[in-house]
Amino acid sequence: MSSFKVRDPNRIGVAFIGVGRMGVTHVKTLAGIPNIRMVVVADHGRDRAERGRAVAKAERAVTSSEEAILDPAVEAVVISTQTNTHAGLIEMAIDAGKAVWSEKPIALDLTETQRIVELVASTGIPVQLGFMRRFDPGYEAAKARIDSGAVGRIEMFRALSRDTYPPGLEFLKTSGGVFLDMAVHDLDLARFLVGEVDEVQSWGTVLIDDRFAQADDSDTAVTMLRFRNGALGVVETSRRSTWGYDIRTEVAGSTGKVVIEAPQKTSMVFSRDFGFEADHFENFPDRFEVAYRRELEVFFEALVDGRTPSPGPADALETLRLALACTRSWREGRPVRVAEVTS
Amino acid sequence: MSSFKVRDPNRIGVAFIGVGRMGVTHVKTLAGIPNIRMVVVADHGRDRAERGRAVAKAERAVTSSEEAILDPAVEAVVISTQTNTHAGLIEMAIDAGKAVWSEKPIALDLTETQRIVELVASTGIPVQLGFMRRFDPGYEAAKARIDSGAVGRIEMFRALSRDTYPPGLEFLKTSGGVFLDMAVHDLDLARFLVGEVDEVQSWGTVLIDDRFAQADDSDTAVTMLRFRNGALGVVETSRRSTWGYDIRTEVAGSTGKVVIEAPQKTSMVFSRDFGFEADHFENFPDRFEVAYRRELEVFFEALVDGRTPSPGPADALETLRLALACTRSWREGRPVRVAEVTS
Amino acid sequence: MSSFKVRDPNRIGVAFIGVGRMGVTHVKTLAGIPNIRMVVVADHGRDRAERGRAVAKAERAVTSSEEAILDPAVEAVVISTQTNTHAGLIEMAIDAGKAVWSEKPIALDLTETQRIVELVASTGIPVQLGFMRRFDPGYEAAKARIDSGAVGRIEMFRALSRDTYPPGLEFLKTSGGVFLDMAVHDLDLARFLVGEVDEVQSWGTVLIDDRFAQADDSDTAVTMLRFRNGALGVVETSRRSTWGYDIRTEVAGSTGKVVIEAPQKTSMVFSRDFGFEADHFENFPDRFEVAYRRELEVFFEALVDGRTPSPGPADALETLRLALACTRSWREGRPVRVAEVTS
Amino acid sequence: MSSFKVRDPNRIGVAFIGVGRMGVTHVKTLAGIPNIRMVVVADHGRDRAERGRAVAKAERAVTSSEEAILDPAVEAVVISTQTNTHAGLIEMAIDAGKAVWSEKPIALDLTETQRIVELVASTGIPVQLGFMRRFDPGYEAAKARIDSGAVGRIEMFRALSRDTYPPGLEFLKTSGGVFLDMAVHDLDLARFLVGEVDEVQSWGTVLIDDRFAQADDSDTAVTMLRFRNGALGVVETSRRSTWGYDIRTEVAGSTGKVVIEAPQKTSMVFSRDFGFEADHFENFPDRFEVAYRRELEVFFEALVDGRTPSPGPADALETLRLALACTRSWREGRPVRVAEVTS
């Protein structure tokens, strides 16, 4: 229903903002998307902006996000900046009538997120958030099986995520905590694959690093979910894995089960000494390499086709509410209904 | 510390009681154990007793459990009867100075179980309970890795069990409920692999069959565990699986992770139509075939060596207490400390 | 077609001959088969005979094979002696009207094997040979898929076998060579799964141990097969594997492919240090544990049902001919038609 | 040793020639390589040239390969045209002093290939051929294990390749046959992973489609290899697979074995009805997606670093010789020494 329309579907003008670690991955992806024109890359750091421009093969580099967004040749803005700037940049882009792809989350609080949801609803500007796992071919295949009815009535959900490297203390203090910063990916998958959640109960603890205690956070957590459709679920979350990036998701129903877990990083198995070994993925950039590419390709396909891109702000809002419910449950030591989280 | 001693380690006299479905499996195993002499097989049903005798190649068949236990040639009694008879038969055997291997549980209530624990402690009679998963080579290998220190400090436990076929209503009413009858295997593994549990929280629901509601029971349940050593855990329990017997256990620590899950029933993979397929195990008899054999072999090895067989009544007691805590948590909708379950 | 008939299907009298390493496995299996009566165990060594008797729970132990075979209570003879005694013992048993299960091969030369084939044909005595792989559940499942038509027209066969430990020099000298002693299992599978072979070409070499050269044998060999039905095949054979018993078989056709390879010995996978590891089977006793049990169970089922047991002497003869063709091809450095091997 | 030097390592001028199916994949890859400047895309078809230009975001499109190669801004030429044009275009580029990346083969005959080898040797111009499998992370990992010594002395090599879709008759007639057109990838891997081959024997047949017989070609073939270092090998080649692109390579040595086979296309496994299923890769574009990207990235890295890119013409020559030896062996029904193939 968007009034947004690209001028030339073979040459959509794009601004990119935020050349951090993931930003470099994103601009490389953008360089390979045929029907876009990389107009400008912005970063507060001049060197980073310039590096982004080179990789993106963009026309220019600037240090002002505003300048990039307002460039008349720009029709779509791709945001990969720090979390606390997302909402402001998204709003600026919407106000300028530019489509937006932004890293999740919109914000760490409901009010600001709600404001963006309403802005998008009233303007019809296309906005997509970076829940990349939805675009991993494994999760896409799982979703297709579920939607086809092959799994039957869903009875149980299970998600496990272990990040490879624990974040630093400075980041921890502004991260929103383990549920908003990390479990949020699994909570989004719960909503994507099973449906809305009614009630949660979370337990958290500090086993890995005392910095998590200093940040009033957990590094190891478990959560139970009760879905509106009656299914139950569990989520396991850990901030560190010495054996690599450890992601596994399971959805079981009355007639079938889907399990998503990348079996091994390369296609090589080494046998020796009465056994064999193979490698795990190291971290999200290698495990979700395809998903990071697909989520951007799909965004531009939606712009060309005039479809509302997904997942959008409303999804981000409900997933945030769910993560806040987990946080509250953990802090207050009680089950929390998701609907009671209104701020 | 047992005063029990076998007369001839090459010819231990054995009585077998209870020729049900698992009983036939057990007598077949016993027939293949070299250093025992199958003296007598008992079952209330004359035909079943006789069939058991034939398979066991035992000397005689009787319809009285007492007669079998008290036979002077019998040194060890193997019990595979209905749950509500276990405690009585174990007690009778202990009183007669006979070693006991019995299907779990001793009983569904703490008091009776506690009584057997004390009886064993005071008499020194060897008693082993049928928690067969401990003898599956996969779980044995996992335990060895954990004990070797390769997993490091344990941080998380996860167990999933889905039985293939839901039980009938009559059985349900006397089963003790999903936690005592089914999750108990995973709770025993939690104690075996990680250690004692401090607190639990369980949610249950009825999604599979309304008979579970009639029996005031759940068919689908999730549980969170907090271990004394600080680790967290989740247990998923389902009474029905249309894709086969679905058992998976994971223990993650600071330096490694063990996962126990039987990859496929046979060694054959069939490729066709851009994909491949293989078979799952159907049910516990095929998945745990080796474990059902090993648990009995190990019992007789312990008798010969004069070692206390394990797991014994004290293990059965603590696992029962844990299952009762889960049941209470589910019924009362609150976290339950295991230590508060005293009756 | 056999005139042979068991007296009491619940109590077939059995003699066992040859208590070597595999013999102990066999008598343990026999002890657990319900409808047989272990009459006698024979071995030239008194101690071994006695040990076999104890494990088999047999009635008596003797040092004379002839005495065991001729025992009037014996209806079936199970032979697990050295290769060069098989034909003689089989003949003695047939002459005495006793059914026979014997380890393969009947003999290492065609003439003697042919003689037994004719003896069986003329007497109708049931004789089964120990090609155990046919009874592995994976191979049984593969055969069922092929017979169902799911694989379509067969186009290619591939078999790989690596024994864990190379045999000693003394054994090598009488083994018949790598094709008769080892590749024979894969050649039997080729016939079992695909059909008769028309032509072979084999290359062999010595890479592992110079003793193979001393024995005028190969330790590493590859073979190409051309089947009568037009399919092609390859067989790889190695006398030593430092990573465990390495067996893989593949049959590809116009609509599907079966692959038989046991994925891992136990159900445990250990993740650590950006990778994971699991164990291979060590050797044939653990890899084919079920097959060694099934091949004997199936033999007695056939006796009870009055069916001709399989694989019988005619299968052994054709598989031997194929192995001899490979040997000749290797020695003479040329392709060999199987039909030209007549002595 | 090359006198070739890029002008600006951050902006190597590139011409691309041949916008067929794989060509589109290649230009998409090139668009995402940061340090190159896509100067021109050429194809005899105006529309294809233009499409390639758009995807590559190149500066211009032309219909003349010569015009593209001779463009002064062009420093490197990427060739993805039909096989019979490779040698001519490579020569033209070398003469113009431009670095070359070309799809394999250089040519289907030794003389022409030899000529290019000599030209490269005398000019020092960097030339890389598109044996993409060497850049698959699985094969890279296997090579690393072998080079590290972990596999020990190599004893056996096995390669299986099944293409998904058989080619059309017109292509078949000019393809050079199954060994030059298809087995060549496995023969290159044999040389890459094990070393030079001394002798081959190949059998071929027609089982899939009579068009292969019309083209005097085989659709199903097996080959035995004898390596200079004493190792033996087998190669299985099939022109059609109904279950997807079927590629498996094994290298076994005295202390270990590497197996390269992509386990499944997506990370999703679906369990249902007492079994599970997952998907195979469909064809080379999805199976070797990363390799097709890496082979080009690595080429430009070599140009920037002043290293000779690999695999170069000398590799292409020896692999061609090996494929010709297989073809000759098949046609003449005899073992062929690779060294005897001189034209």
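Which chain is which? They are A, B, C and D, in the order written, and residues in each are numbered from 1.
Assume contacts are C-beta pairs under 8 Å (C-beta built on N, C-alpha and C of every residue); 3 or more make two chains touch, one makes a residue touch a chain.
The model shown is predicted, which means the values in this text are computed figures rather than measured ones.
J.: Measuring between Cα centroids, what's the chain most distant from subunit A?
T.: C
J.: Could you compare the number of C-beta pairs in contact for B-C with that for A-C and name the larger?
T.: Result of the comparison of B-C and A-C: B-C.
J.: For subunit C and subunit D, let me know how many angstrom lie between their CA-based centres, rounded off.
T.: Roughly 43 Å, centre to centre.
J.: Measuring from the mean C-alpha position of subunit B to the mean C-alpha position of subunit C, what distance in angstrom results?
T.: 37
J.: Between subunit A and subunit C, what distance separates the C-alpha centroids? Give it in angstrom.
T.: For subunit A versus subunit C, the centre distance works out to 57 Å.
J.: Could you tell me which residues belong to subunit B and also touch two or more other chains?
T.: 242-243, 246, 255-257, 264, 271-273, 279
J.: Please give the residue numbers of subunit D that touch subunit A in the complex, ascending.
T.: 10, 28-29, 31-32, 34-35, 54-55, 57, 136-142, 145, 150, 255-272, 279
J.: What part of subunit C is in contact with subunit D in the complex they form?
T.: Against subunit D, the touching part of subunit C is residues 152-153, 155-156, 158, 160, 162, 201, 203, 205, 207-208, 220-222, 224, 226, 230-234, 236, 238, 241-243, 246, 250, 252, 254-257, 333, 335.
J.: With touch defined as at the start, can you tell me which subunit D residues reach subunit B in the complex?
T.: Checking each residue of subunit D against subunit B gives 242-244, 246, 264, 271-280, 282.
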